[in-house]
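You will see subunit A twice below: alongside subunit B first, and alongside subunit C after that.
After this line comes the complex of A and B, so read on.
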């Protein structure tokens, strides 16, 4: 068996700066705690060079010029941990989630695919770099040795089988997670490395430290028989970031979206998945003047026509959607969550006419939605209800449904409906319309058919009823129109519903 | 204008009609409609109540039913409803037999249907209408247009005879229906068949449309919203007065006149049922009544003849005489004898007469079986006389 341990050094600092390259390039300190006990919990290397240390107070850290102070974010750490899981899942399904910063994976069978253990470790590191994570990789014949190898190395460490103890002899004892009492005892004895602990006589060690002492000695000698317990945590593809100050500029938001989407698509690709839906959450700053938004949280959901990992497409759709539905206030936080779906692989039929590319079509539809409104773009779909206009707009999906031929027993004329219906003045003779005036023109009714009575939804507030007439109208200049007029049975008002072709 | 509604459904069409027969009859009386034809779905359940209500209000209640029929003429699983009106007593018998036949066959309640051959077999004494939206003509027009419609009506004429087929027209202020009506009129003219205006009544008044919609939702196991266009598109299927129907069919006055003419033709009513009870075989030279009286007398002698209280005997005699007089008046001697004697036979474990009816349970179903008489007959029988 061959196990690889992936270890993220300085995990809290890496998670805090993972999605912000500007921050990552400068010295920063991550602080946590309840005021006034807010202390530094992580630092990057540049901050350490400026003589900052973990445990100093936030006020002390702020005194260091040029150092950014970041609040510790559990969300960002969860996101980084998720990214780490996605990274390792690309290599092996047998993966044990040991800690936020440590994962073990079984790489026994990977040599045929990726080559030597060193090449495997390099591939894992390269994948992690794509996800903005710097990792160390230790590979050994047992799990514990792999963990210690990863924790002691600066990059990659491969322990040959049977020589674990020899390679780990200089490793410090504090990576063993010893209890304070045992650590104190060993320090008093002058035992500080794996090698020193491994050479102690077993009987004497047992007499002084008991079974725990023997267990520790076995570990430092590379004699671990721990088995892998693969974990399958629920996968969540969510990335987000907090702004130091409210952002109003859409261009700045687009820059952030691009970064988040890139991370999401890399993570999805690592699991051979694609984004089926995209959920955007924006936390808004309502404290400023002239904000239109009333809710602190602004959410949007983009349903994609086909699952995709195309960052540019996702970004364009997101931008268009936000242009059509403005948040109405400066943004404090951004979170993007992708609903994972299997990528759709469809082979088009040889005789099927080529349709528009779904991604480009979606962008076009998004542009149209922005121009004319959300509910005015799509395909009309008949509703099986008694309504004045029994249809609704559904998402345009060419070829999704077969068009059924009409089963009407008589020829039907097409009616061009006036939206909104044109109010009319109608004079009746013997209960039938005689003259009709609408749009400033007066017409004589030369033929009338009706009334056709329709009503429905009587159990709701939207109950309606109308008497419809099909009328042939003749204007004074002999212009003829074939229209559908109706009298609203609730308001008694006359309207022209539309004109027949 | 005189008008008779000859196509109405009551609540006995189980979730397809909103009004009780009595309500329909009352509204008929209010609208001065002299008669009504009740055509409930696959049954004549509502007819007795309609008959009683109509009698009280001085109306005539025509009997009929909408008979479900799977018709091979229309290809796969085309189910129509044939509105049939009873003209004669034979027609009533035929209608009942036809419905009983397919009801006995049905797997699920309300799902049975007749075959066209059965309709042909039981066509005598019935008048067939071409029906409304669920009728054979509409189905044929929907499937094959005018030609198919004409063929379906021709087949009805072959089955029922030209005088017993009426091309039905309904006007519920609906465009699609009017288009079908035009085709129906053309077919009627080409085949020289009479037109008949009906309103396909499902409820007595327009307000009851809402009840009908709720019943439809219940029938379809859904909500009002979920029922969609299965609900009524308007509230026009109510009992219209002759004046309203006259205005509605002002272009086809004969369709209105024909309703009255057909109503006059339909002589059968439930009072003409002519129900005959099973005959009980009696010895030669005896009538059923004399035979029953003799058996009763024998039983009486056994029960009250010796050592009984005189007063009790006199009261029993008077009771028996009263009951015998009633049986004679109602001509129920046959069934009283059958029940009484078979009941007595069952009690004694032997038959009064070989071949006599041996179903003591039948007694329960015969309200006219007099307790005193049965008691007397049983005594007579059990004593071995």
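After this line comes the complex of A and C, so read on.
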């Protein structure tokens, strides 16, 4: 068996700056605790060079010029841990979640795919770099040795089978997570490394430290028999970031969206998944003047026509959606969550007409919605209600429904509806319309067919009723118009519903 | 003295390696015409794919009936179609009665200015929507319905816009259809079909000699239309003789 341990050094600091390359490139300190006991819990290397240390108070850290102070965020750490899980799941499904910063995976069968253990370790590191994580990898024949190898190395450490003790002899005892009492005893004896503990006589060690002492000695000798217990944690694809200052211009959020989407798509791709839906949550700052928003949390959901990992497409859709639905207040926090779905693979039929490309169409529809209005783009769908024009607008999804070919054999004249209906002045003679005037033009009625009574919804507030007429109208210039006119039964007013064309 | 033909041959020979047939117009293969199910109109082959076609006519001349017939043929074959409706006059009920599959139809309803930030007129919205949908591609028929737009407004569309539309559909499977009262696309249109009303059929069901109106004493049955191919580059570069035909649409489904 061959196990690889993936270890994220300085996990808290890496998680805090993972989604912000500007912060990551400058000295920063992560602080946590309740005031006044807010202390530094993590630092990056540049901050350490400025003589900051873990445990100093926030006030002391703030005194160091050029050092950014970041609040510890459990959400960001969970996100970084999720990214680490996605990274390792690309290589092996047998993965044990040991700690937030440590994962073990079984790489026994990977040599045929990825080559030597060193090549495997390099591949894992490269994948982690894509997710903005710097990791160390240790590979050994047993789990515990792999963990210790990862924690002691600065990059990649491969322990040959049977020589674990020899390679780990200089490792400090701190990484064993010893109880304070045992650590104190060993320190008093002058035992500080794995090698020193491994060479102690077993009987004497057992007499002084009991079974725990023997267990520790087996560990440092590379004689662990621990088995891998793969974990299957619920997968959540969520990335977010907090701003130091409220962002007023939604357009400038595009940079943040791009970074978050890039991370999400890499994570989804690592698990051979794609985003089916995208949930956007914005925490707004309502404590400023001229704020239109009333709720602190602004959420939007983008339903994608096909699951996708196209970052540019997702970004464009997000931008268009935010342009159409402005948050109405400066933004304090951004969170993006992707609903994972299996990517759709469709074989195009030779004789099937090629329709619009779904991803491209979605962007076009978003642009059209911005241009003409949210509910004015789509497919009309007839509804089973007694309305003058019974239809509603639904999302345009070509090819989603099975098309039944039912072209009418007898050609029907079409009706062009006037929206809103044109008010008309009608003069009746012998009970039928004789002259009609609308849109500033007076017409003579040469043929009148009707009335045809239609009504509906009389059981609700929206009751309506009308006497309809089909009229052939002749203008002064002998131009003939065929229209549908009606007299509203409630208001007794005449309207032109539309023209037959 | 060299003739123009000889000069052309000489230039083409010199440029042969860099630009083959530099001065010879490119031969375009005509694509298949979309049928509309009205036999008289189908004989005209007036709706070739990859072209811009104008259907012109005054109100009540059968323009929309012809459009519905084309949409019905396209959408019932599982192909997507789009209607950019400048005056928001499309009627889904009558379209369904003509056989249009509404789920395959994208309807863009221009004109509502509920949002104050949106300052574009319905007309400008429609032109922008046409640009967007032409770029998106994949539609069998893309219709710009300007049937209720006044001629003086439609004339404001620059020729460059029509040329852009024509270039956008060239070598695609899309038919770009424009419904209007008068032709405006000029040479960018491959076909211009002019429709005019030739009659209205009325069925008398009662004794109409009495002056008093009796409910249902007559039924307006049919709308007769005369169609004329005014411009038909799809068939010949220049056509001096025009092709005429007649067709009728019925109103019975409404009553």
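Brief remarks follow.
Operating definition for what follows: the second predicted complex is superposed on the first by the 395 of 501 C-alpha atoms of A that agree within 3 Å, B and C clash if a C-alpha of one lies under 4 Å from a C-alpha of the other, contacts with A are read in each partner's own complex, and residues count from 1 in each chain.
Heads up, the rule we're going with is that a contact is a pair of C-beta atoms (placed from the backbone, for glycine too) under 8 Å apart; a residue touches a chain by one contact, two chains touch by 3 or more.
These figures come from a predicted structure and were not determined experimentally.
Judged by the touch definition given at the top, the superposed model places A:160 against neither subunit B nor subunit C. By the document's definition of touching, of the two partners only subunit B reaches A:386; subunit C does not.
Among subunit B and subunit C, the chain that touches a larger number of residues in subunit A is C.
By the touch criterion defined above, A:66 reaches neither subunit B nor subunit C. In the superposition on chain A, A:456 makes contact with subunit B only, while subunit C stays out of contact range. In the superposition on chain A, A:498 makes contact with subunit C only, not with subunit B. Once the two complexes are overlaid on chain A, the subunit A residues touched by subunit B in the first and by subunit C in the second are 407-408, 410, 450-452. Considering their complex, residues 352-357, 360-361, 363-364, 367-368, 371-373, 376-382, 389-391, 393, 396-401, 403-408, 410-419, 430-432, 447-452, 470, 472, 479-484, 498-501 of subunit A touch subunit C. Across the complex, subunit B meets subunit A through its residues 141-142, 145, 172-176, 179-180, 183, 210, 213, 224-225, 228-229, 231, 233-236.
By the touch criterion stated above, subunit A contacts subunit B in their complex at residues 383-386, 407-410, 450-456, 458-459, 465, 467.
Interface residues of subunit C, counted against subunit A in their complex, comprise 37-38, 58-65, 67-69, 72-73, 75-80, 87-99, 101-112, 114-115, 118, 120, 125, 128-129, 132-133, 135-140, 147-148, 173, 197, 200, 202, 211-213, 215-216, 218-220, 222-223, 247-255.
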